[in-house]
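Pasting the structures in now, so scroll down.
In the two assemblies presented below, subunit A is common to both, partnered first by subunit B and then by subunit C.
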Partner chain A sequence: MSGRTPLITNTKCECGHQNPVGTVLCEACGKPLDETGNSSENLEMRYDGVARRSQRSNPNVIDLVWNFFSSVKIAIYLIVLTLLGSMLGTIFPQESTFLNIDASTYYKEQYGTAGHIYYKLGLSHTYESWWFVLLLVMIGASLVICSLDRVLPLYKALTRQKIRKHRQFLTRQKVVLVTEMGEEPEEWVGRISQPLKKRGYRVITEGGALLAEKHRFSRWGPYVIHIGLIIFLLAVLARGLPGLNMDQHLAFPQGEVTPIPDTTFYLKNEKFTVEFYTEAEMPEEFRGKKVLPKLYETKAVLYECIADCGDPTRTPQLKEVAAHDIQVNSPLSYNGLKAYQFDYDLTPVLRSVQPELKNKVTGEAYGKFKLEMKNPQRSFEAGPYTLTLKEKYMDFGLNESGQPVSKTPYPNAPAFLFLIKGPGLPADGQQYFYFPKQVDKVQFQQEGINDKLGGADRFLELEVSSMQDVDFSESTAYLNVRVDRAMPFVWIGAGIVMLGLVLGFYWQHRRIWLTVQNGELILGGHTNKNWFGFRREIVSILEKVDMVVDEKSLDNGGGQA
Partner chain B sequence: MSLLDFSSDVFIAAFFLYSGSFMLFTIAIMGRKWSGRKPEEHTARWGRIAFIASSLGLLCHMAYFFTRWAGAGHIPVSNMYEFMTFLSMMVMVAFTVMFAIYRKILLGLFAVPISIIIMAYAAVFPQEVQPLIPSLKSIYLNIHVTLAALGESFFAVGFAAGLMYLLRTVNFTSKEKNDRKQQRLVEFTLFSIIVIIAFLGSVFAFRGAGYESIFVRENVTIDSPGQEDSTIERVSYKMPPIVAPYHSEIESFQPFLGMKKPLFEAPSWMNGVNAGRKFNTVIWSLLSGLILYGLIRLIIRKPLGAALHPAMDGIDADDLDEITYRAIAIGFPIFTLGALIFAMIWAQVAWGRFWGWDPKEVWALVTWLFYSAYLHLRLARGWQGRKSAWLAVLGFLVVMFTLIGVNLVIAGLHSYAGTD
Partner chain C sequence: MGKARKPVQIVILLLVVLLGGYAIATSVFGGDGKPKEGSKAPAFELLGLDGKAHTLDEYKGKAVVLNFWGSWCAPCVKEMPALQAQWEKWKDQGVVVVGVNVGEDQMTVENFVKMVNINFPIVMDPGRDAVRSYGISPMPTTFFINKKGKVDSIHIGQLDLDTLDSQIGKLVGP
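This part shows the complex of A and B:
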């Protein structure tokens, strides 16, 4: 840390005060302890020269760990390493930016050998790698220990300051004025107290000595920042705990109440809208060349299940709890659950059809029934006939051995296998394949399959007579549904960091010590930053007691930071 | 005259006022030694005039900003052109604040040209008002972008003061090893600035001449067995192509100084369609930068650093050191609030995650870590003066990479984030 490790163990000051090991400036009178000669260098005023826990004389293991993390040098190394590590992670895109890739081949194909090495080094997931997380944890440890190591001694030092200081303490500050003084010490000190108080200083006097101090709270700024950062980092770590975090990308077809897995919530997409800017709204240069989206909006209603929730045989009872028009910058939010506009698909999705059972020879119609794509009934009545649903394929296809299978759970090519019983059919019924979509009928040859199943003399057919009997969901909205219970702590941490930054950077802790004795005035001043403004302030205060001093002459060297 | 026309007119007025102010600052500093005048009076008088000019420029600049806001219906910080014009305005705001505190005339000589260069860089990008896409429609566009730019502008002033500190303190006559190293580093920094100026010069020269060459490239991708997808990409070069895009063919080529075809092709790892064009721009900037630098050297017959050093005479080095630090100390909280905290809030509202390790986010963090290290080194390790000044110079490089480099290099060469 301070580079000046004290070698002497006798830490008793000439004023009689016994200081702990590691003290740079006597806790009582401020006399520098680590030098014997009459050096005129600026004093090391960091933490007011008090001893810190990390400066114990015989450190044990815990002390050594403490000392390691309490070092600002180590903290800076950690910051720089994190900085470099972060930079490395931006050379090629991270794996997490892709939804579906095989990382082991992707980087080689896309970026050649360099990409392959990048992947092999594990840099394709830099921010999840053990060393990066370890760096963050170490920064956290450093924040805690560095702060504790300094804030407590500093607090003690600042709350029990002595007013009369050693001459060396004063003349080796960075702001110094030594001048002749003809007036009575106490009188003069009383006189200068007024302009100091006007400037917001708290003034304490002791005979011919004076201590003026203001904005001490600014000294706590750095520690407030560090506390905020610790809360922030802990909140970020907590997000990894189970139960605090949920993140799902779900499809919500328009008009349907869709359950949100692992929750008791259901969300209905009442209407999805996508709008584009019209030609008139675009600048001339873009007309006819570019299409810019204007709005993505999902009118959503959120329901909570209040009864019959987990029971597949019963319809869950839902209660509306929230409704919101979800847009890109305006998610639906209810009790920590949030739904964000993520993507959309304008391909219509078939929801239900109402086919009619007909006699294709006579043209006689027996009756209609409603066939839902997602949760169809098991059996249907159409006139004298009964149709029992034997199999359902949402996305019909044939596997390698020629068996019918459903390729995906989405109703892209729905197909239904019925067993029909009734007059004119065999006693054990007749099988019938039904493809609601015309394209699928042709592609998969519904006629041919049914001819095989029911023989050439079969006479029944399922047909949709008009478009009114078809129900489509016009579009699908993809929403990102999230729960993040740690978020409030992330914001609290960030808020505290900000508070600390403002305290620490926009105010400065300023102290002025004065002693008048033997016809001489000695002024020493210290601030933690903005020496320029401090010197200017002292000049204007001295002007009030008719002392003219040049700003620059106060500068005892090294007056920055 | 429409609001937007008025807006671009006052913008040009601001540009000329800044340029005038820069010249006046130059007179204020360089004219000290003219015969028959008292140096301090001269600097004070001309410095005041220069500051009035720069303030008038700032007023025009603000008039541009608010009229464009009114005309467009949204805050003009939504594309590269608007952001850069805004950034240059914030640099002037930061300069004005620092000038008001420290009253150092010399600061104008270095801060004002930064603003001018950024303004000129803005003009490289398309200037039309674009309607906002849904993801940008948010109050956080106003807060996040403006605060981040303001914080970065204070870093820019810190850079200017840091560079001045170096020009003031480096011993340009010494032949000692360490001094030579410092001289070379300062010279390299100045050379980099010359390259940026040369880049702007060549962009506008070729644009003025209406230069264009076009390359096409056919991309074949195999989506599923037996199904080939081919797309044709066209790249239009606005500077004579020294380097052609990887695997491309010439559609049209406008000869330049006897050059009838590209000298070589971009290497295969520059596979993004625009990577070759950007590489070509880099080559042109370096070439013209070298020429410009060479010309200046021919005229002044000494290194740039050594030529600028006398201008710093009589300036207190400690003051420059303090200004550097103070600018960064003022900018740091603003940067944290704008570029990190409000960025996180917006990301949370728009995308549902406050942090996603996107390159832009990472580089904002890198900038923040860099200045954190700067502050720790200075406050706890006593890095002042020379080292601190170098960090301030380097820090601004990080800022600029975050703002421009990430969009152009990382996104462009690997084309995974649009730069439109």
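This part shows the complex of A and C:
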């Protein structure tokens, strides 16, 4: 845009004011500077005809970079490119929408070659890719620089307005009235001030010249929008900082206090409930065909660690800080941390059993003890007998060489090897294999193993007498735990944008200049929109000073909107 | 106004470069947050079998072979003798082998250590914190961390004596 400015220009106006390079209308009197002929076209009133800050006669490198970002054309290209880039990201689901996939194979399997190319191009994480972030950064830079480049000169121009304007400035506005005037200039100007003020105009007079202006603040609307957008962008950028954003999907087995990684919080799932609609509650066409969930609910208690946190040698001390029955769209919320219902698993997990040591010959019971699956006690007393836990297998199985091993770390088929000492047993004790689950007892032949270990005359047996002695975690609730501390700033930014939009949309900056001299009234008017309303307002103001003007005659062309 | 213009321009452009550079750098290098070859090895604080808390920092100045294992993972069990042999070979030359047990309780770990007869330091990660920060998915996974605390290489799967020897040699060598 600065290309239009010739290399050497005489920027001094005939009124004596020295204007900066790039000025369209003289800063003082408003005379058009860029042309010599007596053109009668409408004036370019953008930024009141002042030069933007970046317009210079011989720009250096910094100026060139500055000019690049200050161009509205560039800003529009950037926005269009960003929109196109965003569209690319919507062709296939983004990686971030999946929890557990191997992206390098997933896209190929799911979407074929197109998916593979999509992944290879890095479009499976479009919004985190360097070029997308670069575009956003450039839009941010453009917002700041465009605004600064225009708002400061505009502010200067609007605060230093001269009242008496060049005749050409007035007659080339979009609203113009030139008519004969018999009255004394100052008296008439004084008369018209009253109805103008009544209409909310601020009026300044200087002899036979007058400037009436209202709702200038509406001009700042776009810049307020820009400030809001910048806050918005910075907030989004700040989400990358540690601690400001977290989004995890975690499993919470019922009844266990489970730590939430990267926080000092622990969450306990006290009870998870899932309810389904009964056949009677469902519409006819679904009956027998669908299973529809009615309720997912996790009764959750949130704890905060207050001491001994993060020290693996100690047990953290917890304090309850919040409790909530988490349902879909009703998360537990505490200090910016939110836990949403996400998934569930109804597979029961064995937590502990309380077997009883019995004499299978006499039926005598020696006592119960609690055997935890995780971190069990190592020795137990039952009557006169001492049981020492020697080995423990969470998911019992045999390896290739026939040795007992745990196949997984999960208590699917727990097995325990005890060494029992006491009356009637060999001095170095008797080994005893114990499978808490009945299915495992049968499958792995507990009897047979123990007969081998203790001989046929062994008389001790571990038994669970009732289900009350078995502790299960009935189900596992999966919760989505989120922290988004940048979110308030995103809202503030969006709020400021809204404010800017309201400022710019619901008010118009209206100005009326007029001079009365040599028996002639010259009136020029400018508004940034709603020219129709503006002309009606001028007509009704002129009526108040007994001057009848046809609304259409004010139209100097161009002011249709 | 005219004189203040240039510094203002420079300050704003610098801010744009700084913030923009940060944003782009985190999107390029931050990635999924998992350590890669050449990146800093994440810190951890875990309970050792000796009952004390151990951190990566205490091995500063030493080359660290960080092995993630579980007693239920067959290849982990198989590579234990190789790790033990290399630990004995290199321990006097500023190399420490650290085994990180994943998600098992103390008893299981103690029994396992006795069974396979190893004596290099073992720490336990019941909450899978280190697993998360190191981005471990299959096991065993072994991180070779140099004396500056940077990840030199990552080996996924069972290690044999020779690979282990040459990898450690690389860590210690000039």
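Structural remarks
Just so we're on the same page, the second predicted complex is superposed on the first by the 418 of 561 C-alpha atoms of A that agree within 3 Å, B and C clash if a C-alpha of one lies under 4 Å from a C-alpha of the other, contacts with A are read in each partner's own complex, and residues count from 1 in each chain.
As a working rule, a residue touches a chain if its C-beta (ideal position, glycine included) is under 8 Å from a C-beta of that chain, and two chains touch if they have at least 3 such contacts.
Not measured: the values here are computed from a predicted model.
In the superposition on chain A, contact is made by A:Pro261 with subunit C only, not with subunit B. When the two structures are aligned on the shared chain, A:Pro331 is found in touch with subunit B, with no touch to subunit C. Counting the residues of subunit A touched by each of subunit B and subunit C gives the higher count for B.
Once the two complexes are overlaid on the shared chain, A:Pro312 sits against subunit C while remaining clear of subunit B. In the overlay built on the shared chain, the residue A:Phe217 is in contact with neither subunit B nor subunit C. By the touch criterion stated above, subunit B contacts subunit A in their complex at residues 101-102, 126, 128-131, 133-135, 137-138, 140, 268-269, 271, 316, 318-319, 321-322, 325-326, 329-330, 332-333, 336-337, 340-341, 344-346, 348-359, 362-363, 365-366, 369-370, 372-373, 376-382, 384-385, 406, 410, 414, 416. Subunit C meets subunit A in the complex at residues 1, 5-6, 8-10, 12-13, 16, 19-20, 22-24, 26-28, 30, 45-47, 51-53, 70-72, 74, 102-108, 111, 124, 127, 129, 132. Against subunit B, in their complex, subunit A makes its touches with residues 1, 46, 72-73, 75-76, 79-80, 82-83, 86-87, 89-94, 96-97, 110-112, 114, 126-127, 236, 247, 277, 281-286, 292-296, 327-331, 338, 340-341, 480, 482, 487, 490-491, 494, 497-498, 501-502, 505-506, 528-533, 552, 555, 558-561.
Those residues of subunit A whose C-beta lies close enough to touch subunit C in the complex are 53, 62-63, 65-66, 128-130, 132-134, 136-138, 140-141, 144-145, 148, 152, 234, 237, 240, 259, 261, 310-313, 374-376, 378, 389-392, 394-395, 399, 405-409.
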